[in-house]
Amino acid sequence: MYFGSDNQSGASEKVMQALVDANRGVSSSYGTDDWTRNAESALEQVFETKLKVYFVASGTAANCLALSCLAKPWDMILCHAQAHILNDELSAPEFYTGGARLNGLDLDQPKLSASSLAQYLESFEGHVPHTAEPSVLSLTQLSETGSAYTLEELRSLASIAKSHDMKVHMDGARFANALVALDVSPAEMTWRAGVDVLCLGASKNGALAAEAVIFFDMELAAEFELRRKRAGHLLSKGRLLGAQFCAWLDDNHWLDLAGYANQKAETLAIGIDRTSECERVWERGGNEVFALLNDSSMQALREQGAVFSEWPKRFLPKEKQLDSRAFVRLVVSHTTQNEEIDQFCSLLN
Amino acid sequence: MYFGSDNQSGASEKVMQALVDANRGVSSSYGTDDWTRNAESALEQVFETKLKVYFVASGTAANCLALSCLAKPWDMILCHAQAHILNDELSAPEFYTGGARLNGLDLDQPKLSASSLAQYLESFEGHVPHTAEPSVLSLTQLSETGSAYTLEELRSLASIAKSHDMKVHMDGARFANALVALDVSPAEMTWRAGVDVLCLGASKNGALAAEAVIFFDMELAAEFELRRKRAGHLLSKGRLLGAQFCAWLDDNHWLDLAGYANQKAETLAIGIDRTSECERVWERGGNEVFALLNDSSMQALREQGAVFSEWPKRFLPKEKQLDSRAFVRLVVSHTTQNEEIDQFCSLLN
Amino acid sequence: MYFGSDNQSGASEKVMQALVDANRGVSSSYGTDDWTRNAESALEQVFETKLKVYFVASGTAANCLALSCLAKPWDMILCHAQAHILNDELSAPEFYTGGARLNGLDLDQPKLSASSLAQYLESFEGHVPHTAEPSVLSLTQLSETGSAYTLEELRSLASIAKSHDMKVHMDGARFANALVALDVSPAEMTWRAGVDVLCLGASKNGALAAEAVIFFDMELAAEFELRRKRAGHLLSKGRLLGAQFCAWLDDNHWLDLAGYANQKAETLAIGIDRTSECERVWERGGNEVFALLNDSSMQALREQGAVFSEWPKRFLPKEKQLDSRAFVRLVVSHTTQNEEIDQFCSLLN
Amino acid sequence: MYFGSDNQSGASEKVMQALVDANRGVSSSYGTDDWTRNAESALEQVFETKLKVYFVASGTAANCLALSCLAKPWDMILCHAQAHILNDELSAPEFYTGGARLNGLDLDQPKLSASSLAQYLESFEGHVPHTAEPSVLSLTQLSETGSAYTLEELRSLASIAKSHDMKVHMDGARFANALVALDVSPAEMTWRAGVDVLCLGASKNGALAAEAVIFFDMELAAEFELRRKRAGHLLSKGRLLGAQFCAWLDDNHWLDLAGYANQKAETLAIGIDRTSECERVWERGGNEVFALLNDSSMQALREQGAVFSEWPKRFLPKEKQLDSRAFVRLVVSHTTQNEEIDQFCSLLN
């Protein structure tokens, strides 16, 4: 019963095989190989547009390199108060941007709301050169609460940002899960909604270590290659990254993997909903389920070796923060088995 | 009618004369001069303890160099949400610390409360090495709302910080004003209350450009000299700074100046309290008065050339944010004249 | 005929198989997995000592994270003027150290000499806090000229550094090649010679993307985990790195691979030495051969599609910088075939 | 006998009086005052062109803020190997530029020569994105060896830099001394020769603490205000800086001060030249004299309390580095008296 994180599963067999195949023979290095080029083309097809894309091995690197192309060292980056960049990437955003400031809004909401964003920006009064001013909006799709922003919400948020001359970044560590859940196109969920740069994560959904930083606003990419090299994120054997993406995107493999995980997460959610003492928190938007579990359920799960994380209660809606039950995050991956879910649910009450 | 800022007044005559005197002749440079040494001794007497002190010419430099000695680049610095370091020093804190993160609490309160600090720290759950963790508490005395923390409050806040292994920094841009208002000793308001580093500002209270970074915890000063030099804040003619502090501290001159400004601020506050349509906000703790002024008062003041700042309404208590009156800050300095205050008050209604 | 770089070859079959095996099933993330632990133990055995080790995916990351643990932002790092950190890692050393300064010596020598180092340090007169002072010596083994430092040389250089309170870093991107060539033990070539931190590269010698930062002086590692995370170099699926190292070190696989490449490089060197118009430069210490090739040889090689780099002539000994022949670097890898070498040599004259 | 540094003298009486006058009354802060504006106009007249200028209190701040507007964090800055930015500003250049690399040429020459610069640039072979590439040439006028670049030399150096798309920075800590010595116009010695940004120092020549960063290429100034604020170098009482510059420039006061110092330096140089055992090094270009002094002269001077610096012998021409005499720097200022020079010379033999 592994629900610790989707990064605890390995790559899919298809992706691993591609890696083995690509490893044979000699290839030019530093991202000038055929796999990298093919992955670029594949992404242009998937997103139905010309774009600039760069591959790196970690999600933190992808997000923070991307942000460093959008924010000056004296700018402010707005995001949801539960965002990964704010809570799980140490001070990498500051390191990469040279000191830009993160500001998280809507702590007690599952997603950043357009009204909160608008209100913040309208009430913000800076005075140049004394105040760090908002220049980037960073959205996470799936959000860190496992919720998906609807197209309407994305468009609305991006539109507000654009009207204040801000750039829009999307942290897509679980992009595919949101995409499948919303049943929309990659283009609709990104550049057509106003996203300038997407960090498309494959590592959590079937790859070994592969993230794509995709610039729809290609001018913003001007310094990316230098920034990536300066950070030691330009891998010499670039085919490692290119080959993963080629296989991952091929024949909708990425969507199949995400669809599988989402479906299993739905089964898990139903199982929790059927209990009398446990309770789900936030709407499920993909492959994550958040819930309050009572003591006896927790005890039974721990005894049976179930793996999952307790989640900080400061992230709960205010009215639930004093709830005495355990607050947990359950993440389903492309390798989660029905038996794991059945067993998990059978231990709840 | 100048109430724009206490940094719009020049130095006191006594301080200027000291500068003229110190300027004569040859002196060793880079802070190895007699004035600097004498200022150090004077501060040890004033604070009744051994200490390490370094002089710089700006408050932002003082605060941020001090913070860089307390916070690692991956640490979090907690402060009041209206703090100067968060709203008026661009991203200098991040620049100097190499990326530490500021986190402001209690936006709608005039001061950071011990209960908010305690609650934040108790509910904070980080996971090493993923989360920036609080390591420094920065307090502003006078706070940016013009309120003074009482000794009780300071001790309580510092004690909570210490119990979480945090260091305590005090931004004392208007330290003297708070000191006089509370009628306590410099030692009581700092190291005896738990403050590790004080940035003692003279520029806003009678000096031309002089700030002292005072380390009561002297081990924290180990890198200060290198950090100051690296930032270009080691002035070659160090006597410029030393001489200002010598004169400023001499014979309670600094307290006289602050006492004068506080007293005049009290007169101004009384004048506002006597109106029917204007209203003061927050308790006056020193030489600043914040108020909501009605339209006709504002118009009369502007017509007569009164100088003062409108202040961001997002800093107001929530219940006042929709108040249609202008929200203003009025700062009294050591050069403010009775006539200015009388005229100002006479234009209110 | 591929002599472009040893990073243009893939991983060995054994390493790839280990990756495929490790990929199966669920594993805890962020370097807390069994493969990582096993790789740590294997390294302790190989180096015959307790040590602290951290894995990353790129050599630049390894070097610069290591240096950031040794040098303060105001320190100077001394290295050979042809060092990789100085010529091929952009400004990553400065980025990671927060601004430490690189200083390259002995440009026209194949290796940094003890006498040059000693002379530099003895004639260096800094004045605190105005001058960046040498605090780290970085050595590359194999050096960037393909030469190997002898044990005597290493001990002598490290001893000089230590007598000036400097730390010693070794860039071991081709560590195994030097080790095999010198026929010494890993311990002798590192901590017994005075090396504090070794960046042990596997990527160029049979791995896909795997570098180990090994702290023999374990106190220096105190901030490594935080620095790695902050830079986005903590991979979620850490077994990817651990598994590569396990297989690479197992049963002397790494030494076999390096021995193979060195041997083939020797064959190549002999081939060049037999020509009348071409000439080798610098003593071969591992799997790299540097040479001056005449026009007709160059033409024949290019026509047959030989892949290799022309190398900057400013790196040549002064007396050869005006030599009109092409200056080239030839790198042999674990996948280089006899036929490639034979064909290459047959085209020289 | 004070020859330690021109920063050991105070401000001229005229400059001090201007400061006292400007201090009176209330003035708007942060560089929006009349003195600042007047100083800007005065500089436009002096330099016969439109320009953008910003004032700061230290030379290191001026140089490094200027460089941060010219060099990206992955660029290389070329300068003379004895340059102040390389030897006397700690790692401030790296701190401000975010990691750009300094590279010093022509260590054993008194000035950077056009031929060395050209040769370096022509033989430089970088490969994007792996190599830090030269983007800025920084010249010091007076150079750190006390020599002045002729107009011909400046034009030639700047022209080579421009042909390689590099920007040209001038560190003018002793600009006035060079200007008077060469008897040319400020425009000729800067923008007409190809200088993009000049750091014009007044502190060493009659001001208390005042440096102007002057952008002739005004587009390069786009981020200056933000960078200055972020570094804590925006003084609240900006008139302090503006007033110094107004008085300093007024009625050729700055040139008179520099002319005086140069003339006295000439007297000192002649005195040394007349000895049999002492010897001057490098051509005098302004107010500095470098010399080798024999033991008995040194002893006599020290006994009489003469103040001056011994200078690092690694800066000497190679053939003089083993000279057993003391190597000293003697700096003459606007306050140096004839008696001091006479006494100094009388003690030499």
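Note that the chains are named A, B, C and D in the order they appear, and that numbering of residues resets to 1 at the start of each chain.
Criterion: contacts are C-beta pairs under 8 Å (C-beta built on N, C-alpha and C of every residue); 3 or more make two chains touch, one makes a residue touch a chain.
Bear in mind that the values here come from a model prediction, so they are computed numbers and not experimental data.
A count of C-beta contacts for the chain pairs C-D and B-C puts C-D on top. Averaging Cα atoms per chain gives one point for each, and the point farthest from that of subunit B is the centre of C. The mean-CA centres of subunit B and subunit C are about 51 angstrom from one another, to the nearest whole unit. Each chain gets one centre point, the mean of its Cα atoms, and the points for subunit A and subunit C are 35 Å apart.
Centroid to centroid, with C-alpha atoms defining each point, subunit C and subunit D lie 41 Å apart. In subunit B, the residues touching two or more other chains are 73-74, 89-91, 95, 98-99, 129-130, 226, 229-230, 234. Those residues of subunit A that touch subunit C in the complex are listed here as 2, 4-5, 7-11, 16, 19-20, 22-29, 56-65, 89-92, 95-96, 203-204, 208-209, 226, 229-237, 239-240, 307, 335. For subunit C in complex with subunit D, the touching residues are 73-75, 87-91, 94-95, 98-102, 123-125, 129-132, 312-314, 321. Subunit C contributes residues 72-74, 98-99, 128-130, 223, 225-226, 228-230, 234 to its touches with subunit B in the complex.
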